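Look at the two complexes coming up: subunit A is in both, with subunit B in one and subunit C in the other.
Entry: the complex of A and B
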């Protein structure tokens, strides 16, 4: 027996004492989120003070406007609905180590295909028409997402560049659609007519649920919220409990080992892009089916990009994304009360959101490294000895997080 | 189709060449040092809002007059771009956040920061400033501008910054290839471990590379807002930061080849602006003509990406030299 054996034997004894890994991970994620929130609030306070206002008053007016009334919370949930779809779309690709920055373009194209279905399939009975519209939206999103997916798999073109370009193409495509094929046939009344489609028939629209909870119809809270939550659960199941999800995470965290393990990387990536596109397709449904009832020039943009922020905030966890979207909704809704309640400009909210995202990304990274370091420490006795001999060097090539795409997913071997 | 249209399209392409080339050079410094920077678009956005403000502030408020006001405005845009790029540097170099994640966040945050700054700079207007800001006097290229038959039109009334950008290739090439600093910067992007073993601080060089990328992208944005458009408007960068990135990839991270690709992409941007009446193109609906630059970028990226070689260590987290 070697002289070093006593410390070697001591180490495994530590392991049972440690908390279960998922608890540690959950607590770690929660603490990281709270820490980033705290940092963002403190930095925001500095700005508020610079404006000569009282931070407590400003923050309480944000909370008051969003959580202080039933109507306010109705607005928050209504803002959160499309963001859940959007963030889920980002998350699905991210798990496979890819960035779908093209949610923005995918939901624009989906709004066009959905509007086409709403106008052309008008003969279908009510519920069937809604289903047909939603399917058309998902197919539209999928088709637009298939382009960067295929280009990535076949040519290696980076999806970040191609999806951004396709976003810009989608803007023109939507403009063309409402200028030519889908342009209104019945001219809307009024002097300044916006370019838009005809009104969809009432049976194709998505019903308001706000009335059941005493929320004003102005919030446009619709049962799409439940679809969004269901989608989050489906995505969670898909990523955690299916073969595709397992392989996707393998590709995302270590493409090399996935390939040697017999995973067809290209096929996984393409499928993830298609699923992501289908989810992205639903992003625009809140605005055209629950709010407007037509597709017009003045559509809401930036939902795809905000989805990226929400996905980061929810740490790319489908369930976390629901809460992140609500948090984002609280801040966005706070813009309105902020404008009424104080001298601080409403752009302050955007700054607060930007600071939050920046701190979240950095704090999660630190938390992840610490977690990984702890796991490494616990991982093996022999390895631990080597590590202590050269702490600086050892972290490099063997570092558990060397694969870039793993960024938010701590080394994970539970749940399967 | 009138010949002058082609000449004017070339003139526009030279203007967009300037924007794409300056931003592309920014990406070059960053990626050559090993840090992928897809935040170029966001850095340009910061440059547009601060540059438009700077041009007005130095020219009118400080009454510095024409040559100096706009020049200081451009430099102010560059400075603010560099400062904002510092966030990307801190995240990717000191905290080893994934480069793409950080770049995406930079782009997202830039929109909010720009609105906030605009609100402060331009009396509560959050998405645009008053048009007609000060800019440098346009000049003609001697010789080329006097060619007859309408061709000369292509080389008239150009901002002096167009020449500055084109001449920038000389110092950039020299610094990267003929100085110790350039050699070290490039080696940080190729093999950081070996670079570190020579006693060079990899994080230090990478910080410099990323900050420089912010300065170039910021100046490019300032040029767009104050020299070309005349005011700041939200969304005026129109994906040019990403087009620059595409040009950079096609150029194989080489400042001389980047000139050609920057001009090529600049020309595709000019097509919807001026050549929408040209034969073949005029058969398309106007919305489809607007898509041309983006389609060309996608096709170019898809067709060439396998044939170029990025800096070996670009995009990879570097764990050594932890003393930062």
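Entry: the complex of A and C
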């Protein structure tokens, strides 16, 4: 009781003390993720029971379908691959305080440019052709992302609005491409022919790796998975270890301070959009290069939007995004087994995914506040408590935009 | 000078008694057996440095924090206050430093929010009541005005009216003058006097001693969670209060180092921009501190931002050591040797969500010392720099890995100072460098600024606090409506400078 003064105040600073902070954050995040998963599962059970089914049975059939067999897990990873790219694309922009909703359109355009490269550059030897196609895809995504980037920097047009509109344009652009310049020259056999490009030459396709692990070729698990994981590591490095990433995060959290520090905000924003677009460009590669071998009318959509959800789930941490995409893949794959194993409609999976996102957001927010409060208290400065520097407290006057951004932005600033 | 004596309530029983209140946060005893009595019809100042526990104590009384030890008596009865709602029911209201108003709503709509009384709004009746209240206590604010059009001072009045509308008798104001201009502060004091005359009790949390001496009837001083004394303005002085707060004598006038004033470093000619600057001419020499006095909003912010490159002047030249820097980028200007202490450290100084080491290098991330040619940060070097700066400037923190938001205001400012001065600038632009800081931190910042002068650097000091201008400047100019309206020696009478601040002194340029 007879405490004279808070002793922590006088403690000198030393660098190596950082470790526990880092560990604490990591453990905190892990616990938060497990807690949100648990809550989502419980809430999901309520729904299942309401539907008159046994939750244990439903969940085990989801697990069976996704993790119960090598094939199943192959499918999961294959679903995760494009989602990692698209979530990374969202994350890169988000760190700079921007919301790239245009990943969807960017990957559509990229599929067009990649198809063009696959068809026109097929004189290149195999490996070179693949690289050329991927580069073409990234350039296509970048070009499409450059438009909202430039509009934002030059005119202040909000990227949410411009990217949404450009998504629609991209759909038409793709339709035009397969109707005219890239339309097949060799008519495929059969009566009801899908509109599509010619088949790409075999050497331009991306090799299946599933066979090495005993995964069925039907899963289309390709080495793009490793590219995606590498991309996540590169993005992590970019954000955490480079000047560009540092400036981007400064712009994202405090544009005024960044500007006073000599950061050219427009240049950072444009570069982030270009990087985001390049990542988005790779989203569609699995479907045209590992699965179909051509670009047709029946391409897979929504990968860009799902990427936003995955980025959310991964709390905009590049490494977290890998796991979030796999988790998403598990649930998506479970959809298939669910239809076989129970009467619960497949939409249940979508509900479960949504609940998961909600619980993650809520639980992380709570965890973040608690961490911040602990940090504050341990920082020894009771003054900081009074100084209203506590992030939770000052949420009021900062306006809805930053509050929303905070909800999206977790305490993943691990510093290390 | 009103309220020479504690108006009324002296003999009466205390309205609120806090007895041996203890509030602990992990690792900290924020309030350690604090006793406090509030009487009807008094302005009771609660002073102490940041972290002394004054806001915490009042948040306990307002029901935001539960307390671990002690008891609270309101009107003689022991009471449990579990939430702000309970507090308001007991007639206790609190206005925080950060306002919580709905911007697109009118003043009245904001005031009645949560107290609408029925499903159908009777805005007219409410508006009348608000107008009455405003009239009674001389609050200058239109009940039908929309909040987003109001100044900070007016918003504060709305917050106070909100409490009064709920029938609050004991009004707690947490650092109310921190956001106000000197004029608005006097308006607020006028309101407070009226409230006191009407028998209401005001708790005035502050660390601005001049204001406390001016408005308070009684003063309680807290230091590190404990009451170190209670006094009255007539029995004490600024120096005595400061010593009680800090625990050691504090110098309000620091010795200005004697330095030979050198060549002009900064020369500004007919600087004009965005309607806020109308032809400013300035010169700051090496080893000189030029103080810019003026009522806020007369172009101070625009001037500072133009000099550092955040704004592009439309007309005029800015030269540093004879080299034109006007219109160049912030990075260029910083590289040319200009350091900047912004008036708003959260908006323009620090990235609160980033760590101390990330903040310590902000503005120098391009230096070859801190990032490689490929743009990879040299984190080890940055951390070494930060550890050194933190030690040198006595930034109190547990680690350099924590975010800047965990630092107290004074320590945040120290970090900015450390960062900016480390670059060995030719010119330091210090804009409201001690805003919101407590006495100890102010003294520290002042010393650092004087040290810049001693090192032969040029300093441009922009401050709304005339005290600060006097304490540091070698030469004082007044800024009014974007023009320099007078130049004064550091011993000029405050009245003369006051005239310049209001634009009337153009003729008597020294």
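Observations on the structure shown:
Following the convention adopted for this analysis, the second predicted complex is superposed on the first by the 361 of 416 C-alpha atoms of A that agree within 3 Å, B and C clash if a C-alpha of one lies under 4 Å from a C-alpha of the other, contacts with A are read in each partner's own complex, and residues count from 1 in each chain.
One rule holds for everything that comes next: a residue touches a chain if its C-beta (ideal position, glycine included) is under 8 Å from a C-beta of that chain, and two chains touch if they have at least 3 such contacts.
Keep in mind that this is a model prediction, so the values were computed, not measured.
Of the two partner chains, neither subunit B nor subunit C is touched by A:131. Once chain A of one complex is fitted onto chain A of the other, the partner contacts of A:246 are limited to subunit C, with no touch recorded for subunit B.
Within the superposed three-chain model, A:179 lies in touch with subunit B and out of touch with subunit C [touch as defined at top]. By the touch criterion defined above, A:374 reaches subunit C but does not reach subunit B. In the superposition on chain A, A:70 makes contact with neither subunit B nor subunit C. Applying the stated contact rule after C-alpha superposition, one finds that A:49 touches neither subunit B nor subunit C. When both complexes are overlaid on chain A, the residue A:260 reaches subunit C alone and has no touch with subunit B. Once the two complexes are overlaid on the shared chain, A:34 sits clear of subunit B and of subunit C alike. On subunit A, the surface touched by subunit B in one complex and the surface touched by subunit C in the other have residues 393, 396 in common.
If you check the complex, the residues on subunit A that touch subunit C are 1, 3-6, 8-15, 17-18, 21-22, 241-244, 246-247, 249-250, 253-254, 256-264, 372, 374-391, 393-394, 396-397, 413, 415-416. Of all residues in subunit A, only 99, 101, 151, 154-158, 160-162, 164-169, 172-173, 175-176, 179-180, 302, 305-306, 308-309, 312, 345, 347-348, 350-351, 353-355, 357-358, 361-362, 365-366, 369, 392-393, 395-396, 399, 401-402, 404-405, 407 touch subunit B in the complex they form. The touching residues of subunit C, when paired with subunit A in their complex, are 22, 25-30, 32-33, 49-56, 96-100, 224-225, 308, 310, 329-331, 334, 340, 342, 344, 346-355, 357-358, 362-363, 365-366, 371, 375-377, 379, 383-384, 387, 390-391, 395-403, 405-412.
The touching residues of subunit B, counted against subunit A in their complex, run 38, 41, 87, 90-91, 95-102, 104-105, 107-109, 111-113, 115-116, 119, 124, 126, 193, 238-239, 242-243, 245-246, 249, 285, 287-288, 290-291, 294-295, 297-298, 301-303, 305-306, 315-317, 319-320, 322.
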